[in-house]
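Heads up, the next two complexes both have subunit A, just with different partners, subunit B and then subunit C.
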Partner chain A sequence: MIGFLARRALWFVVTLLAVVTVSFFLMRSVRGGPFDADRNLHPVIEKNLKARYHLDWPLWKQYLQYIGPLNLDEKGLVDGDGSKPWAGILTGDFGPSFKYRDFTVNDIIGQSLPISMALGSVAMFWALLLGLTTGVLSALLRGGKLDVSMRLAATAGIALPNFVIAGFLVIGFVFWLELLPVAGWGSLRHLILPGFALGAPFAAYISRLTRTGMLEVLSQEYIRTAHAKGLRPRTVLLRHAIKGGILPVVSYLGPATAGILTGSLVIEKIFAIPGTGTHFVNSALNRDYTLAMGVTILYTVLVYSLNTIVDLAYTFLDPRIELEEA
Partner chain B sequence: MDPRRRTRAGFAARRQLAAVVLFGVLLVAAVRATLSARLERADFTYVNGGEVTSLDPATVTGTPEGKMIYSIFEGLVIKHPRTLEPIPGMAERWEISDDGLTYTFHLRKGAVWTNLDDTFQEEVTAHDFVYTYQRFLHPETAAAYAYAMWYVEGARAYTTELDEAGQPLHDFDETVGVRALDRYTLEMVLASPTSYFLHLLTFYPLFPVNRTNLESARERWPDDWRIQWLKPENIITNGPYKVLERRVNDRIRLVKNEHYWDADNVAFETVDALATENYFTMLNLYLTGEVDWIDRLATNAVPQLISTDAFNPEPYLSTYFYRVNTTRPPTDDARVRRALALAIPRREICDKIMKAGQLPTWSLVPPMEGYEGAEMRHAPFVEEGSSGEGDDYETAFAADCAEAQRLLAEAGYGPDNPFPTIEIHYNTSEAHRDIAEVIGSVWKRVLGIKVKLLNQEWKVYLDTQKQLTYQVSRAGWIGDYPDPNTYVDLFVTGGENNKTGWGNARYDELVRAAAVELDPEARLGILYEAEQLLLEELPILPIYSYVDQNVVAPRLGGFYPNLQDTHMPKFWYWMDDEELDAKRAAYADELTLSDPHGPPQGLYSAAQQRERAARGAGTR
Partner chain C sequence: MGERVSRHDERWDLGGKDLEALLREAEAVRGESLWNDAWRRLKRNRASYWSLWFLVAVVVTSLAAPLLPLPSPIALHLQEEPEAPVPPWRAAFDDGWDHRIVAGFTLVLEGGEWTDAARAAFEAPLREVVERAADREVHVRWSAEGSEAKLELALPHAAALLELPLADHIADLLTGSVAPDGRLASADGRTAEVEFAGVSARSGYWDLGPLDRGALWLRYQVFGFWQTGPWLGTDSKGRDLMSRIVWGSRTSIGVALMATLCSLVIGVTYGALSGLLGGRVDNAMMRFVDILYSIPFIFVVIFLITIINEYRTELADLGIEYITVFYVVVGAIYWLTMARVVRGQVLSLKNTEFIEAARVVGASTRRILFVHLVPNVLSVVIVYLTLTVPAVMLFEAFLSFLGLGVEPPKVSWGLLAVDSTEAINPMKTYWWLVAGPAAAMGATLLALNILGDGLRDALDPKLRGSE
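Right after this comes the complex of A and B.
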């Protein structure tokens, strides 16, 4: 286990370095810059603005500056007037945002990540609640009308993009039933619709995975043995069948969580939720180099650690699985 | 059952239970953590359309930023909410010398700087303005609108003439025409008489900042003072509102500044500015009463709202046009540009695509008071009624198209020499695409030109314009101040915002002459001549002039449509039912009454309440 974690940690560093390097240069190779606006700046002013953030340096120097606490400026790290743009990501400083200039990238992530996580949690709650119950019911009532309709719903859930679902939800729950707020942020009620819309495709997928898993388990001999022993069907289901039946779901939870966290951008826009997803897209559009890098790094860390956690959880749930030494 | 196995099974079950509980706790904790900071509904909530770049007046350029700065800072003069004429702000009164060069401002006594918790209180003085303008002009500040101050003597040189280290060559106090004569008197000397200089001073970039605020931040946070001085808990302001809280991409909560000199006339205690950008989300927020004002509308939502009393689009100082690349063929030929300009179905674009009352234009300068703009030559028509029936626009447009065909033939294009494919370049947006499609189809039908559309994401689009690698490119320009110069000035040879490659010595000369002309009539005459010259050569193809898109709660008082679409919360209040009914009774045309928003009993400022009590109003 410790060896497994050590290896993962090592690969983590390699992955992160690759992500940082590739995104840094990719980002800079795109046309347009953070200070381009529909009003062109006077050349002197543009030059000053670029100098403040070291955008006038050669790219390799900017890269090194971005990575670590290095002294590259002839005046030291200080850019002449007593301020330094940032200390480098190795010190945990992701720098100032180029677009939202009153905030550092750390501030912005600090404000938005908990919100995305709350939204993701509600989405995950919906996904598991709906996915597991419909999946288990579907498997038990295999071939029945309920099974067919739930499978249809699951297919629809996978096929429909979440913003379409969001549209229907808004029309239904906001304008017809007038039950929930249309958008915004501040209370749990604000999270119900976006959480549902965000979780729906995942619920659908979980439902299908559960159904398949359950059907497979239900046909296993140990289940037949359990029935033969005279255990009540409920006990067989809850104690023996579900444990094996939802294993595929567990392995899907990692990617699903990552998907929910990184895939929330459209939902965040539609429901005006100030999460990280919006920054992921907007920072790239704004050429907000530091923020784009910050969010990319954040997502890399999240996805990587979630996958590691899922691998650990897998062995936890199924003793037959061991952590591969490869 | 083997007891050992039972224990193992039990252990596994407990582990699973523990995992589920842990997961559940995490979910709840994540949700709870973010919900703790809930704010009550503000007295007034509006959509600001995007997170603000900064609260530093000197460095920002956008509309959302402007709205914030108009709320928390106050300049020497401010805009009248309806007419936009400069009215007293920090300056109680002012004098302008006969030669139009020297402005003397007399500051009001008792106007103060304060911070959020009122631990800082200091009078606003003339020295604050000297400091502000020096900072504004200093190259290190990198103020995007620095040119707005370059009308002041020595200001341009101070910003642009630098030594090797990038510091100004000139001494500010000695060379720049800004001086504090005493604590309450500020003198500004201009390089040339500028009739709209006061208007410029009502513009938010020229609003003052507090020296102590910046200097103490610099001392306390040498590394990131640029961020620290603007934090709600650190910023020192002099306007009607203070920033209570900033949540990135969510909202800015403003609270009334009780120490503001005119606080007696400020009605709303709290105002929320939401950062929402999505057009449909903001419309939904308005329709469900969560916000009381949105300032933009998707074109396909216009027809439903145009008949209600919440949406009354009014002309707005802004022109929609196409830039033409004059540096390469075929558009380097003025005849070609004229042909393209004539064959634009302007009325169709306004009526069928934009639908909110936008006006077809053949001018660069949008309609403004006191200036009758020049028009490019085109077949005249008589407009009858606003519906477009019974007038001869179609005949005129047909004549224009025929003239366009003639011009192309004259330029040498015809069956033997077909016109090359032309590309219309625009930034990604449905309305821009629709307009480009309609224009492209007419050019194809009338002129036989093949048209390709090229849409680019905003920053790439800007870069393409800057590099002059387009042929025809969509553009819009919002005037900075209500004077034709804000448009005419754009197209001087080599101007930063020219972006067409066009240049004309006579034009440059006219723009320069207008800048030093003392007689207002004569000055406008010169600008007219320049505009006419531009419209003869047509480096731009005018299309329509904008209307504002405000959807605003009918109950809101003190909010007026105006040419610059500038609105300041210090003037706003909620009308009570009585006043609302009176307002509605006065509607000229048939408007559907929509949800008025706001409290039925209204919300008035202290001064209004006294005045109403004296009148016996609001007792119904």
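Right after this comes the complex of A and C.
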């Protein structure tokens, strides 16, 4: 267990270093900088701006400054407000945003991450609620009409892009039934539709996983034993079958989380939700180096640690699995 | 391995038969091939079987797009007022005017309104010039209001894309020769102010390859300028939705196939190498895949694509199209799972009994590789491919949605889906803009998924029903 976590941590460092390095050099090597889109700046102003953000340094020096708690700037503190542009990501400081001049990346992420997290949680809630119930029902009513239609719905959910699902939802629930607000942010009601659209493909996949998992478990001998010793069907289902049946779902939760985080880029854009995804897309397009890097690093950390947690949870649910690999 | 021993020298216990007889017997009871068996199973699975045919139809339609008498997918009908999207069956297009060469004039009749006689009188001289230049009879369209009229002379059999030089030629001729003083007198003594509005050659298509131009030419030979109406409605720029869906399928299916091919080549090579080499090399190679797996790829892709966008002109100078790079980038992401799947299969096959049996019977390495290993790996690969294609199509839509994918004027299903989400507004819902592309995309992806499941069941009965 400790060994497993240690190995995971080691690979985590390697992965993170790879992500940071690759995206840093990819971004900086492209021509065009964060200040291009502005009106033609006076050369002196532009020079000062670049100096402010260390963009006039050679790349390797910028890289070192970005990574570590080093002070390569001989002038020390650069700005009037007494803050250094950045102390390096190792200190948890992602630096100032190039586009939102008065904000640091940490500020922006601090504001937008809770929003994206809320959206992601609602999506995950929908995915699990719908996926597990339909999956279990499907397995219990195998071959029936309900089973067939739910399986078809699941396949459709996997097949359709989430923004198309979002389109139908908006037409139906907002314009036709006039039940929910169309877009924006503020109350829980604003979260229902985007969360559902984001979670739908995962609900579909979870439903399929649950169905197959349940079918396999229901044909096991210990289930027959449980029935034979006179347990009520509900007890058999809830006590004995479900735990084994949803095992495949647990291992899918890691990829699902990653998928929900990624998918929220689009959903946030459709529903005008000021989350991290929106900021990322804008920052990549605007060359807001620090913000784009910050979000990328954040998501790598999130996905990696969630995957690790899922792997751990798996061993608790199924003691036969050992933490061998990776 | 020692020296190869000839089969006849070995003394095996053959149960009283000689080896020749045994071989003959083996020859007689040929087992059914993997593929025949799989095909039979697939046919029994009705949903998968029909999905297969549906997909074939989709691919054929998309390939045949230039041959079909569809309106232009990109002709903007902005010469009229900017219009609201038209629902299905509502309005009709006029017969292919949007993609032929049209010489336009504005005429103002002095003292009076346009009558049929007046039209005929003024039309004749203008028409004569154009007909002489183009060496064929032209089609005429009048729209008159009071004393002002618009006259359009269109060349038949001259789809603009195919005969652009002709358009220039006619424009040159008309600029010099028609009514230099801006006035035209008819034979019956009336005069009108004439203004030559130019020759429009809206091609109605983006730059097509020679093959597509040929197909387009063939289309005009067969159908003339007859074209289908807006059966699925039009979008907010007056473009025909059905045509856009069909032409869009070309891009989407193209991206999906090319990217999948990329992922196939990289993934199979990587996975097979890893599996065959085994040991420490295998370990290292798979660790590398693990690292790549834990990178949130969408971010790196967005970086990559903004970079490619930046160097678009340079790429164009090198003769590389943006879309090609796009294929490669997408393909380069989707090889990871393929590599894992192939490696796993190769590893497990390497030590199976039937491979050992083949080796014992004395099959050559090449025979083992191509007759026994490849088909078995192939089945897994094919199954995985049918699942990669929809994933890539979704990814294309995803990137197009973020404005990083296929770019106008080209169409793709992703772009159509983007248009459809933009068409959703509280004032008026243009449902057909959402329904059309969603149905096309959904049906295709659904069919691919069903076919993928069916193929998995058919090719690998052991896996039946599992995920």
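Definition applied: the second predicted complex is superposed on the first by the 312 of 326 C-alpha atoms of A that agree within 3 Å, B and C clash if a C-alpha of one lies under 4 Å from a C-alpha of the other, contacts with A are read in each partner's own complex, and residues count from 1 in each chain.
The rule we apply is simple: a contact is a pair of C-beta atoms (placed from the backbone, for glycine too) under 8 Å apart; a residue touches a chain by one contact, two chains touch by 3 or more.
Predicted model, so just to flag it, every value in this text is computed and none were measured.
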Clash or fit: subunit B and subunit C on subunit A?
clash
Partner chain(s) touched by A:T225 [first = subunit B, second = subunit C, both, neither]:
neither
Going by the contact rule set out at the top, does A:I270 touch subunit B (first), subunit C (second), both, or neither?
both
Just subunit B (first), just subunit C (second), both, or neither: which does A:T91 touch?
neither
Going by the contact rule set out at the top, does A:A118 touch subunit B (first), subunit C (second), both, or neither?
first
Touching partner for A:F163 - first (subunit B), second (subunit C), both, neither:
second
Which of subunit B and subunit C A:Y100 touches, first, second, both or neither
first
Partner chain(s) touched by A:T21 [first = subunit B, second = subunit C, both, neither]
neither
Comparing the two partners subunit B and subunit C, which touches a greater set of residues in subunit A:
B
For A:S149 in the superposed arrangement: first (subunit B), second (subunit C), both or neither?
neither
Once the two structures are superposed, pull the subunit A residues common to the subunit B and subunit C interfaces.
30-32, 170, 174-175, 182, 269-270, 285
Partner subunit B, residues of subunit A touching it in the complex
30-33, 36-46, 48-49, 51-52, 80-84, 87, 96, 99-104, 107-108, 111-112, 114-115, 117-118, 120-122, 124-125, 170, 174-175, 181-188, 191, 239, 243, 269-272, 274, 278-279, 285-287, 313, 316-317, 319
Quick check on the complex: what are the subunit C residues that touch subunit A?
287, 290-291, 294-296, 298-300, 302-304, 306-307, 310-311, 390, 394, 397-398, 401-403, 417-418, 420-421, 424, 426, 429, 431, 434, 437-438, 441-442, 445-446, 448-450, 465-467
List of subunit A residues in touch with subunit C within their complex
11, 14-15, 18-19, 22-23, 26-27, 29-32, 155-156, 158-161, 163-164, 166-168, 170-171, 174-175, 182, 208-209, 212, 215-216, 248, 258, 261-262, 265-266, 269-270, 280-281, 284-285, 292, 295-296, 299-300, 303-304, 307, 326
Listed in rising order, subunit B residues that touch subunit A in their complex are 12-13, 15-16, 19, 26-28, 30-31, 33-35, 38-39, 51-56, 59, 61, 139-140, 142-144, 146-147, 159-160, 162, 165-166, 218, 222-227, 230-231, 246-250, 274-278, 280-281, 284-285, 287-288, 290, 457-460, 462-463, 466, 476, 496-497, 499
